[in-house]
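Each of the next two complexes has subunit A plus one other chain: subunit B in the first, subunit C in the second.
Up next, the complex of A and B:
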């Protein structure tokens, strides 16, 4: 199970999001909160390492990383696919 | 979106089959328009070729003259610290070219010469200098502009041209490793820079139409490196940050980007601390013209004999 807290812990490594990572709600847009393109790439790599998954090309988009909820749902589906 | 279906008739078949017929690149060499150097993508240019490049450069200058851009010209090398800060290595480490130089003493000089003599690698002792080859004409500009302080309320507009380097050896004549890029760069508010980009989408399209070349305007992305690059490319396309004006040169299926229209948002403003008059981060946009690419498109579509080009095209270029 991928928890919002696990995502927030990873968001806290991002320079722009670090001070507010604990307060961001599940549906707030992370790009509006200061995440930039390179930051989203670093976030993607950190999620892959932490959850031992690999995002397929079609999920490498802003949409997949725009909110904690979208990240959680995407990562959950990848974790389940790995386990199946 | 323009349609290639409205393209003028090609003066010769566009697709090189690479078998029986000489390729477009071969014909450019045979005609003396480009000169072999032994390195793919690194060519000399004839006087005729240069006459087209220079005419295009002047034409672009005339099209933008009313905007009173500040003209700046930088050499094709830029400061390595500025290059590192620009973020270029995050997206394009494979395309960058660094200048290395011999920094040893006499003993090491003797070893270097011995290696050259023996046909062995002599470059092990070369050290990176503080110069990097310019990857795009606008890269040396941003730190210079930021050092002037906040932008005036109307923003700023710059006119640049430089040889640029990208390490991508290819037999496609349109993919040179050293080529010239003319650019206009706008700095200001989002509205100001987007209006600039919109105006050049119109001007650039009309310019290429006046040169009787077929064209298509397409959403595009930069060739970012690796898997992370695929995400950057997807983001760039999804946000409509880059458009290219494509002309079929090597093939119809893979047309060549001759102009590009780029909205950088606040990337360079944030990177360089470039601010608007009200203190907020400046946004930037640029239009880039590939001078060799447009020249090659003209040669492909109107023939290798400049004197035989359509009179209307010659008039646009040379009056």
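Up next, the complex of A and C:
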């Protein structure tokens, strides 16, 4: 399972989220915390690079990337699918 | 029948289109006809006195009006873009439900204020901020463009959530005409789309109840209703303008053919090319409308990157094609189109349609698409977004 800390480390590279990445709870909406559409694209790229996965088109929506929990679930499902 | 109601309003709009353009005045007769046909409340759900129409119905209206008077068509489109945000995001708010009832019942006209001095066409950022004082708020905005701001019954305006919020942390507020003052800061004396009366204003609102702030963040409203409604309805207006120009060219070529029977006029070849371009433009628009209708109720799809890319592509493609088509129609018609006051005059439609690539600059939209393409994957099926 992908840890929340791994996700927080990646969030910390985002300009808007950097100062608060450590404090964001798993269910807080990242877009409410200042993540914008370009930031979310950068986040997707960073996650693909770090976890060596590719998000298919149907997962590239605001919902998949709106909270730390949803990101963990999305990434985990892909990591497991690769391992299987 | 809806088509007949649109046709009646469009014929009124056509009658006054030249005067509206020449005098740069609001298409008052056309808007009165839209109200008389009860077309301003079409999208409002039935329980609030509307007809529950979808965007495809509204797009038909934009197309019908676009062939008659671009300014009236754009007013109708912009009104319904705002109404689509209310219908998609206002149902949880008693105040906005009551507003929808009033729009349908009293045929209120809704305007939009997103553009701001210092921000330009960057919809997703605001400088001005809502300043709440207990149960009410104040808002001051340097709104550099508000189409028919002086004629509207209410304005939906973007602003930062509060004075401390980031420029992208926006809300959408409904401001009734009697709750605001509008001081004109610039006059819309333009090449085309003159009847939209898109003057600049200093907008001041005070003592507005906080329940008039739409409960959803503007980021969601923009992504889930406004982007789609804007690009689909604007493109329908531009398709109407382009179709009108192609009609003029066709009538012209047919008249030539009647004069010299037995010969195909040389301009007929250009007309064939033009019909080709018009069909391609129509296909782009209609497939986007179908995809949008098919995606209703599927928030994940509406929210996906692929869907945003598709809508962005519609806007840049339709706006460029419309300009090209009207220009080529003028090439076929020649001087009769260049002159004002002939049955083939294309000056007004050409000037109007030149606004299309500027209305949220195409380069701004392409730059946005470019970012999305950094992660988007290829489509799996022919019939997918």
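The working rule: the second predicted complex is superposed on the first by the 84 of 84 C-alpha atoms of A that agree within 3 Å, B and C clash if a C-alpha of one lies under 4 Å from a C-alpha of the other, contacts with A are read in each partner's own complex, and residues count from 1 in each chain.
To be clear about the criterion, a residue touches a chain if its C-beta (ideal position, glycine included) is under 8 Å from a C-beta of that chain, and two chains touch if they have at least 3 such contacts.
Computed from a predicted model, the values in this text were never measured in an experiment.
Student: Now for A:81: first (subunit B), second (subunit C), both, or neither, which partner does it touch?
Tutor: Neither partner.
Student: In the superposed arrangement, which partner chain does A:18 touch: subunit B (first), subunit C (second), both, or neither?
Tutor: Once the two structures are laid over each other on A, A:18 reaches no partner at all.
Student: Examine A:56 and indicate which partner it touches, taking first as subunit B and second as subunit C; both and neither are also allowed.
Tutor: A:56 contacts subunit C only, not subunit B.
Student: Looking at subunit A, which partner touches more of its residues: subunit C or subunit B?
Tutor: Counting contacted residues of subunit A, the larger count belongs to C.
Student: Look at A:38 in the shared chain and tell me whether it touches subunit B only, subunit C only, both, or neither; answer first, second, both or neither.
Tutor: The answer is both, since A:38 touches subunit B and subunit C.
Student: Once the complexes are superposed, what residues of subunit A are shared between the subunit B interface and the subunit C interface?
Tutor: On subunit A, the residues that contact subunit B in one structure and subunit C in the other are 36-38, 41, 44-45, 57, 60-63.
Student: Give the list of subunit A residues in touch with subunit B in this complex.
Tutor: Residues 36-38, 40-41, 44-45, 57, 60-63 of subunit A touch subunit B in their complex.
Student: Which of the residues in subunit C end up touching subunit A in this complex?
Tutor: Residues 124, 166, 168-169, 217, 219-220, 223, 299-301, 303-306, 368, 371-372, 374-380.
Student: In the complex, go through subunit B and note every residue touching subunit A.
Tutor: 87, 90, 227-228, 230-232, 234-236, 238-239, 267, 270
Student: Please name which positions on subunit A make contact with subunit C in the complex.
Tutor: Touch residues, subunit A against subunit C: 16, 31-32, 34, 36-38, 41, 44-45, 48, 54-58, 60-63.
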